[in-house]
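To keep things simple, chains are lettered A, B and C as they appear, and every chain counts its residues starting from 1.
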Amino acid sequence: MPDAIRPYAAAFAARFQLMLQYRAAAVAGFATQCWWGGIKVMVYAAFFANAAPGETPITLSQVITYTWLAQALLVLSPWSGDPEISQAVRTGAIGYERLRPIDTYNWWYVRAAAWMTARALPRALLMLAVAGVAFPLLGLEAWSWRPPADALAFALFALSMVLVVLVSSAFVMLLNISAVVTLDERGINTLVASLLIAFSGNLLPLALYPDWMQTFLLIQPFASFLDIPFRIYFGGLTGWGAAAGLALQAFWTVVMIVIGRAWMVRVMARLQMQGG
Amino acid sequence: MTALFLLTRYFSASVRGQLQYPGSTILLAAGQFFTTIIDIVAAWALFARFGPVQGWTFGDIAMFFGMISVSFAIADFLSRGFDMFGAHFIKTGDFDRVLLRPRSAALQLIGYDFRLARIGRLAQGLIVIGLATASLSLEWDAAKVGLALWTIVGGVALFVGLMVFQATLAFWTVESLEVMNVLTYGGVQAAQFPLSLYAGWFRNLLIFIVPLGCVAYFPVLAILDKPDPLGAPAWLLPLTPAAGLIFLAVSFLAWRFGVSKYTSTGS
Amino acid sequence: MPQILVQDLAKTYRVAERDPGVLGALKGLVHRRWRTVEALKDVSFSLEAGELLGFIGPNGAGKSTTIKILSGILRPDSGRVEVGGLVPYQERIKHVARIGVVFGQRTQLWWDLPVIDGFDLLRDIYRIDPVCYARTRDELVALLRLERLLDQPVRQLSLGQRMRAEIAAALLHEPDVLFLDEPTIGLDAPSKLAVREFVKRLNRERGVTVLLTTHDMHDIEALAERVIVIGHGQVLADSPFEALRRDVLRERWLFIDFVDQAPEIDLPGVEVRARDGRSLELAFDPAVVGAPRLIAAITADYAVEDIHVEQPAIEEVIAKFYDLHGAAEA
C-alpha cells in the first residue's frame, strides 16, 4: 500500500471495526426501521387501494421496495456530523487533530465514510434477510422487498450507492466544519435532518409529491442521498436518465468537497490564531 | 418540603442553565418544529394525490397527529432524565451520584433536565390541531376540551411510562436503548394514523400491549363524534386514556426492580 | 459500637470479553463470553467515630467497590456492613442523608449554574433547615475560601477551585462520615495542600469520621494515622502508617560525596545502591548498623565533603509492599 494513503486506510479500518461492535445499536436500529417501514407500507397500501392501476407515478410494489430500501440504508444519509468530532470540539481535543501529520479533511472524510458504512452494513443485511427473503417465504410476497428491475439496473444501483457514500461523507464534512464554527452542532443537525427527511425521499418517495414539484425535487442535492439510487434500482431511471442521475450525484459530491475544503482551510486558520 | 416543591426548584435550575445558551435553545426548538411538522406534509401530499381513505380525510388525520404530538412533547419534556438514562447515568456512573442523595431516584431523574426545545414539538401539535379544527369545521365545547385534556393526560402517562421502561432496560444493557425508540418515536408515528388502516395483529399490539390506540385513536374518535369502524362501543371511547396511567404504574414497578438489580451488580 | 463496621464482605462481577480484530468484533455480535471477577473476597475492618482512615491499593484492588458498598450504592454478595447503626443498602435514603461523598473525578454540582445556586438546590434536596444551612454554608465558604467563586458557573472554575466547591457541597448537610475518593487527583500543589489542611481540621476539630482513598501517598502521609492496604479483594494490612513503613521497608539511604574517588565499602548490613565518580549511595539496615556508627566508620577512613541520610520515599514503600504481596496491577 502506498505510504500516502496508509493512514487513511488505517483510520477507515479502525473506525469500521469499532462501529461493528455496537451489536445492540445495530439490532435496535434494525427494529426501529422495521417498525417504521411496516407502518409506512400499511399506510401506503391503504392509500393505493383507492387508486386505479396505472394512475400512479409508481406502483405499490415499487413504493414498498423503496420503503424497505430506505429503511435498510437509513444510516447512509448524513443525519449529523461525526459525533466524535463534535465531542472533540466541545472538549477542546480538536487541537490534537492538527498535530497529526496528515490532511485533516481527508482524515475526517475517511472516518465519516467508515462510520456510516459500518453502521449501514449489518442493518441492510438484516433488512434484506427479513423483507427480501423471509417475507416471500412466509407468503408475504405482496409486502416484500423485490429484486432490482434487471441486471443492468442493479449494476448502476451499486455504482450509485458508492456515490451515495461519497456524497454523504462530503455532506457530513460540511456538518463537521459547522460544528467547529458554532461549537454546538445540535441546532444545525436538527435543521438539516428536517431537510433530509423532506427532500431525500425518506419521508415519501419523491415521485409521490405533487407533479408540479417534480423537476425541482430531482435536481436538489438531497435526492442524491437516497431517491436517485432507488429510482435506478426499480427501473424508474434507465439509460440516459440513469446516467444523468449518476452525473448529478457526482456533481454534488464535487461541489460539496470543494466548498468543504475551502471552508476548512479558513476555519482551521482561525482556530490556530485563537490558539486552539 | 414536598416532592413538588423540589421539582419546581429543579425546573428553575434547569431553565437557568439552558438560558445560558439561548441561541442553541431557539435553534433546537425550531429544529423540533420542522422535523416533526414534516410528517403532516407527507399526509397532505398523499391525500392530495389519492383523496380520502376508508372515509378518513386529511382533517381527521391531522387531529390524531396533533393530539399525539402534544402528548409526546409534554412527556418528553418531563422525562429527559429517563430518556438519557443509559448514556448520562449508567455509562458515566453518575447514577451513583443519584443514589448518594436522600431522595427517590425517580424524582431526581424527572428533575434532571427540562428541555425547553420541546416547545417546538408542542407548537407543532397545537398548530396541527388548529389545522384539523379548520379543515373539519370542528366546534370545541367544554366536553370536547375536557376530553382532549384527559386524552393528553393519558398520552403523557403512557409516553413517560415508555421512557421509564427504556431507562429500566439500561440496567441490563447500556447500549440497547435505541430499541425503545420503536415505541416512543415509533409510537408517535403509529398513532398518527387511524388504527383501522393497520393489519389486525398490529392493531392489537397498539391496543392491548402498548396502549397507544387508547390515548389517541379511541378518544379522538369521540372528539370527532365518529363511530369506531372497528366496532368499539361509543361509551368506551372516552374511558380508554386510563390505560396510559395503568401503563405508567406498571413501568414504575419495573423501574424499582431495575434499581434493586443495579445495587446488586453495580455498573 | 464502631461507627463503620465491615465483616467478611464479598462481591463478584461479570465482565464481557472480546477477541481482537474484525473477526472478534463479528463474533462478539453473535456471542459474548463472560468472565467473573472477584472484586472483594473477604474484607473486614471497623472504624471508630472521629477516625481518619487512609484506604489504599492498586487500581482494581477493590477500593471503590468497598466505598460503593459503604455508601449504599452497591449491595454485597455476602458479609455484614453497618454505618452508624444502619445497613447502607437497606436504608439508602436515611443513610445517605448522614454521609458526605466526594468523587475526585466527578462533579456533583450543576455545570451551567453558579456555585451558590447548586448549594441552594442541595439544601432543598437534603431538606436542610434554612437557618442551619445558612450557618454551615457561610462557615464552609470562609474555610474553603469560596467567597469569590460563589457567583461563577461551575464550568468556569479551575480544577482546584471546583474541588473546594465539591467538598463544601458534600458537607452542607453536616454529615458524620465523609468519604473522599481521590480528592486530590489532578490538583496543583497549593490546592492539594489546601484540601489536606481542610480535611485535617474537619477531622480534628469537628470529629467527622473520614475515609480517604487515594493514589497520592503524600495525602496518606499528611492525613492518615491508620492505613488499610487492599489488594486482590483482601485486606493486606491494617496498621498505623509508620508501622507499615517499619515492616515493609526498614532500610535507610546514606548519600556521601567524597573528596576523592568514591572508595569500595564493605560493611555488614550495608549495600551499594549507586556510584558515580566521587558520589556514593548506600542502603543500610538500621537494626544491623545504626546511622551514627556507619557515618563514624566512613568518616574515620575517608575524607568526606558532604553526607546525609534519607528515608525511602513513601511511594517506594508502597510499591515494595504491593510487590511483596503480588498485588501490583497485572
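A few notes on this one:
Operating definition for what follows: contacts are C-beta pairs under 8 Å (C-beta built on N, C-alpha and C of every residue); 3 or more make two chains touch, one makes a residue touch a chain.
Note that the structure is predicted; figures quoted are calculated from it, not measured.
Highest C-beta contact pair count among chain pairs: A-B. Of all chains present, the one whose mean CA position sits nearest the global mean of protein CA atoms is B. Our note on geometry: chain B versus chain C, Cα centroid distance of 47 Å, whole angstroms. Averaged C-alpha coordinates give centres for chain A and chain B that are 28 Å from one another.
Between chain A and chain C the centroid-to-centroid distance comes to 51 Å (mean Cα coordinates, whole Å).
For chain A, residues that reach two or more other chains under the stated contact definition are 23.
Every residue of chain B that touches chain C in the complex is listed here, in rising order: 1, 5-6, 9-10, 13, 16-18, 20, 92-94, 96-97, 99-104, 108, 263-266. Residues 21, 23-24, 26-28, 30-32, 34-35, 38-39, 41-42, 45-46, 48-54, 173, 175-182, 185-186, 189-190, 193, 197-199, 202 of chain B touch chain A in their complex. By the touch criterion stated above, chain A contacts chain B in their complex at residues 22-25, 27-29, 31-32, 35-36, 38-39, 42-43, 46-51, 56, 184, 186-191, 193-194, 197-198, 203-204, 208-210. Put simply, chain C touches chain B in their complex at residues 13-14, 65, 68, 71-75, 89, 92-94, 96-97, 99, 101, 103, 106, 108, 110-113, 117-118, 120-121, 124-127, 153.
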